[in-house]
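Structures given as C-alpha cells follow.
After this come two complexes, each holding subunit A, first together with subunit B and then together with subunit C.
For the complex of A and B:
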C-alpha cells in the first residue's frame, strides 16, 4: 500500500476538481429524526459545502449506486411481427466520497457474488469499474459491530482511503487511478509523526466501540440453535416489510418482471430488489410457499448472512453496519439476536 | 397494433359510480400521456365521465364507490348480471372507504348530522363484495392509474394479474424516503398493501392505509411498537378506521 499526506485545503481542491468532470456522490444531511439525531444519505453533490464527512452513518447504504432498487435489464421495441432488444451496460463515471470501511467491505462481498462467482453481472461490473471510491475512517456508529466482523478496516476495494489527522488526511492509495487523481494536487510524503498520529487515530477508534457481538463459531452455533426459541421470539415481531434488506449494503436478492407500454409498442424487463422477509419470497410456481411463516423467513435471513454465505465465500455476508437494526420498526437487530443465541448455548 | 404477433382483444368496458367522490373514475380519465393508447386498448360502452354512451353490452364492469342506499343494490345486481367480470375500483368499492366511518354510529343520528332533518334514507355502508360477487378489487384512494393500466393489460391478454405481496415499506425504501415513524410520526405503511409506490411518505405524510391490509399483516407487533414509540393510540384508531380496510383491528 502506498500512503501520502493530503492537507485538507488540497483535499477540497481535489474534490472540487473531480466535481468538474464526474458526478460526485457524498454523505449529505437530509434531516433529523425524532431523537434529534441527524439523518444522512449518500447523494449527488455539486458543491463542497453540501458534503458532511463527519456523518455517523447513512439511513441507506450506497449499494443503490451499484445494484439499483429498480433497473431496466433490457428494453424492447415491438413491431407487428418482430421485436428488437436493447441492453445498456455503459454508465457515466462517478466518484463516491466518504464511504466507511464497512460499506467498502460490503462492496467487496458483492464483488465476490457479482464479479468473481459463476454468473458475473455485467450491469454490476460496469458500475463498479466506473465508480471511483474515496473512503474515510470514522468514529464507531451507534449499534455498529463492524469490529467484531473485521470490517472496520479495509486494505483494498477503494481507490483512496482517508484517515482524519486534524489538519490533514493520512491517505492510502489502492489503485493507479487513485494515484493519478491524487497527483492533481499537492501531497506530501509520510513522516514519522504522520505514522504515529495515524496509528494513534486508529487505536482511538478501535477502543471506542461500545457494541460488542460475539461471533465466535457462529456458523456452527446457528446449526445447533436451529430450533431455538430465540427465532420464535424475534420472528413473532417481524413485520415482513423487507426494510432490513433494502438498507443492507450486501443484500442483492431480486425479482424480474416485464412491463409493456400502454400502446403495446415497447417494453422493459425490470429488475427489482426484493427481501427474503417478504411473505412470497419462497413461493414457487404452482403456489407452494416454502417459508410461509415470518419466523422461518427471519431465521433464513440470518442463516444466509452468517452461515450460508460463509460456506461459499469464507466470510459472513453481514458487515456489522446495523442499518437493519436501526431501520426495523420492531427493533429486530443482529447484536441482540446473536447475543441471545450465544447465551442459549451457555445455559 | 399487434403485440408479439397477436392482435390484442379490445374488451368492452362499462364504468359505474355508486356512493363516493368519483375520484377513482377521474383517475381512469387521468394520466394524459397514455390516455390515448389506454382508450384505444379498450372499448368503453358506458362511463358517464368520458362518454355519452350508455350501453349495457359490456364484458367488464368497473364499479366505483360503495353501497349506501337500497336502490343501489338493485342497480348493482343488474350490472353484475350483464358483466362477465366485475371489478371493484378504489377503497370505497373494496372496503367501504371513508363512508364506512358511519357504521359505528347510530344511522339516523349520522344522517341528521350530515343532511339535516329532511334526510334521505340510507343504509350502513357496504363494500361491493358485501352486495354481489366481485372478481377483482383494486384498492386505493384514489386508485393508481399506472396500476389500473397494468390490470387492463392483463385483462386484454387474459393473463392473471398479481398484486404486489409486500407492504408499502418496500417501495418507500426503494425511493429513499426517510421513515415517518423514525421522524416520530404515525405511518401505517408496514401493515398496508404496497403497489402505490409510497407517494404519501415521499411527500412527508405517513401512510393512512388507503389500500387496506398487506398480506399477513402483523397487527400485534404493529400496535405494540406504536405504543412503545409513544404514538397517540386514539389517533391510531382513527387512522386505522379511516378508509375501512382495517375494520376491527383497533376499536
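For the complex of A and C:
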C-alpha cells in the first residue's frame, strides 16, 4: 500500500474539483433525532460545505448506490405478437466520499456475492467499477461492534482512505485511479512524525470501543443453539417489518415484479430489495410458507449473517455497524442476541 | 485543473459480448438476457396441467442450448413475471424443450391462456442435475407422485434413450385420483419398451379405474432391490420423500443413492435473491437435485 500526506486545504481543492466532473455523494446532516443527536445520510452534494466528515454514522448504508432499493432490470416494448427487451446498465462515474471502514467491508462482502461468485451481476459490477471510494477513519459509533468482526480496518476495496491527523490526512492509496486523482493536488511523502501520529490515532480509535460482542465460535454456537429460547424471546418481539435488512450494508436479497404501462405499450422487470423477515419471503404458490413464524425468519437472518455466509465465504456477512439494532422498533439488536446466545452455552 | 474519469462500459466487457451460455456460471455476466422462445404446441394433460412445447427462436442459440436431466429454466412472461420450471423433455432435443406446467398463480394462469405462437423468454438451464452417467450399469427406480412426473421425464427420456446402459428399470407413478394422471397417452409406449417395468397407482379410484389402488409405497412391495447396484430418483411433494425414501432406506438402499428435487420460491435462479435458501444452501445453485442424505442433513429442508 502506498501512503501520502494530504493537507486539508488541498483535500478541499481536490473534492471541489471532482464535483465539477462527477457526482459526489457524501455524509450530510439532515436533521436531529429525539435525543438531539444529528442524523446523517449519504447524499449527493454540490458544495464542500454540505459535507460533514465528522459524522458518527448514517441511518442507511451506502448500498443504495450499488444495489438500489428499486432497479429496472429490463424494459419491454410490446408489439402485437411479440415484445422487445432492453437492458441498461448505469455507468456514469460517481464518487462516494467519507465511507467508514465497516461500510467498505460491507462492499467487499457484496463483491464476493455479486462479482466473484457464480453468475456475476452486471448491474452491480457496472456501478461498483464506476464508483470512486474515498473512505475515512472515525471514532467508534454507538453500539457498533465492527472491531469484534475485524471490519474496523480495511486494506482494500477503496480508492483512497483517509485518517484525520488534525491539519492533514494520512492517505492510503489502493488504486491507480486514486493515485491519479491524488496527483492533481499537492501531496507530501510520509515522514516519521506522520507515521507516529497515524499509529497514535489508530490506537486511540481502537481503545475507544465500548460495545463488546463475543463472536468466538459463533457459527458452531448457532448450530448448537438452533432451538434456543433466545430465538423465541426475540422472535416474539419482531414486527416482521424488514427495516433491519433495508438499512444493513450487506443485505442484498430481493424480489422481482413486473410493471406495465396503462396502454400495454411498455413494461419493466423491476427488482426490489426484500427482507427475509417479511412474511411472504419463502411463500410459494398454493400458499405454503416455508418460514411462517417471525421467530424462524428472524433466526434465519442471523444464521445467514453469522453462519451460512461464513460457510461459503469464510467470514460473517455482518460487519457490525449495528444499523439494524438502531433502526429496530422492537429493540432487536445483534449485541444482545449474540450475547444471550453466548450466555446460553455457559449456563 | 480538471478531473477526467474514464467510465467503465460493461457492455464492451469481453464476457458480455460472448453468446449467452448459462452453463458458464462463473463467467456469464449477461445474467438478465434471456433466450427468446416460441410456444410451438400446447398439449392439454388435465384440467390443471398443460404441456408446452417451446422452441428457442434463434437458430444458433437453439443449437447451443444444452441441459442435463433435473435442471430447470426461469420462464419469463413479459408483463407478468418469471417462474422456475423443470425441463420436462429429452436432453438430446436441445433447444426444443417441453415444460409441463400446473395452473398455480398469476404467471402459470397466463400461460394456460396463452396461444400457440406466443413468445416467452427463457433463462437457464439452472441448478444441479441427476447424475445419470454415474448410474450407468445400475438398476434405476424412477418414482414420481403427482406433478413430480414433470421433472422426472427428463431422466426418464435419458434412461429410455440409453436403455442399454442400465440394468433393471422401474417407473413407478402415483396420483390421488385417476383424472390427475399426467401423460396418459405415453404409458402404452413406455410399457412396450423392452424390459421397463411401468406401474401406476391411484389413491382414490373412480368408476372407470381398473388399475391398482393405494399409496405409491405399495408399488415397492413387489420390487427387489440390489442395494449396491441401484439408484433411485424420487420426484413429488416433500411428504412423499419421507415415505418413499424412508421405505427404500429400510429396503437397504443407502440415502446417497437416492435423488430428489426440492422446490422453493425463486426470483433469480442464480444465487442472488436468497429466496430459495434452505439455511445456507441455495436451492437454485446447490439444488434443486439433492441426494437424500444431504436433504436429511439440511435444517428445515422437508
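FYI, the second predicted complex is superposed on the first by the 346 of 347 C-alpha atoms of A that agree within 3 Å, B and C clash if a C-alpha of one lies under 4 Å from a C-alpha of the other, contacts with A are read in each partner's own complex, and residues count from 1 in each chain.
FYI, contacts are C-beta pairs under 8 Å (C-beta built on N, C-alpha and C of every residue); 3 or more make two chains touch, one makes a residue touch a chain.
These numbers were taken from a predicted model, which means no experiment stands behind them.
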Subunit B versus subunit C as contact partner of A:78, first or second or both or neither: both
Subunit B versus subunit C as contact partner of A:247, first or second or both or neither: first
First (subunit B), second (subunit C), both or neither touched by A:134: neither
In the superposition, subunit B vs subunit C on subunit A residues touched: C
Partner chain(s) touched by A:173 [first = subunit B, second = subunit C, both, neither]: neither
Contacts of A:260 with subunit B and subunit C, given as first, second, both or neither: both
Partner chain(s) touched by A:125 [first = subunit B, second = subunit C, both, neither]: second
Which of subunit B and subunit C A:337 touches, first, second, both or neither: neither
First (subunit B), second (subunit C), both or neither touched by A:104: neither
Doubly contacted subunit A residues - partners subunit C and subunit B: 78, 81, 83, 260, 264
Partner subunit C, residues of subunit A touching it in the complex: 13, 17-18, 20-22, 73-74, 76, 78, 81-83, 85, 87, 89, 91-93, 113-114, 117-123, 125-126, 129-130, 132, 177, 181, 184, 226, 252-258, 260, 264, 267, 269, 274, 276, 281-286, 290-291, 296, 300, 303-304, 307-309, 311-312
For the subunit A and subunit B complex, residues of the former touching the latter: 30-31, 33-34, 39, 41, 59-60, 64, 69-70, 78, 80-81, 83, 236-243, 246-247, 259-265, 272-273, 275, 278-280, 294, 327, 329-331
Subunit A-facing residues of subunit B, complex: 1-5, 8, 34, 36-38, 40-41, 149-150, 153, 165-167, 169-170, 173-176, 178-179, 181-184, 189-191, 214-218, 220-222, 225
Subunit A partner contacts - residues on subunit C that touch it in the complex: 1-5, 7-11, 13, 16, 25-34, 36, 76, 78-82, 104-105, 108, 117-119, 121, 263-265, 267-268, 270-275, 277-280, 285, 299-300
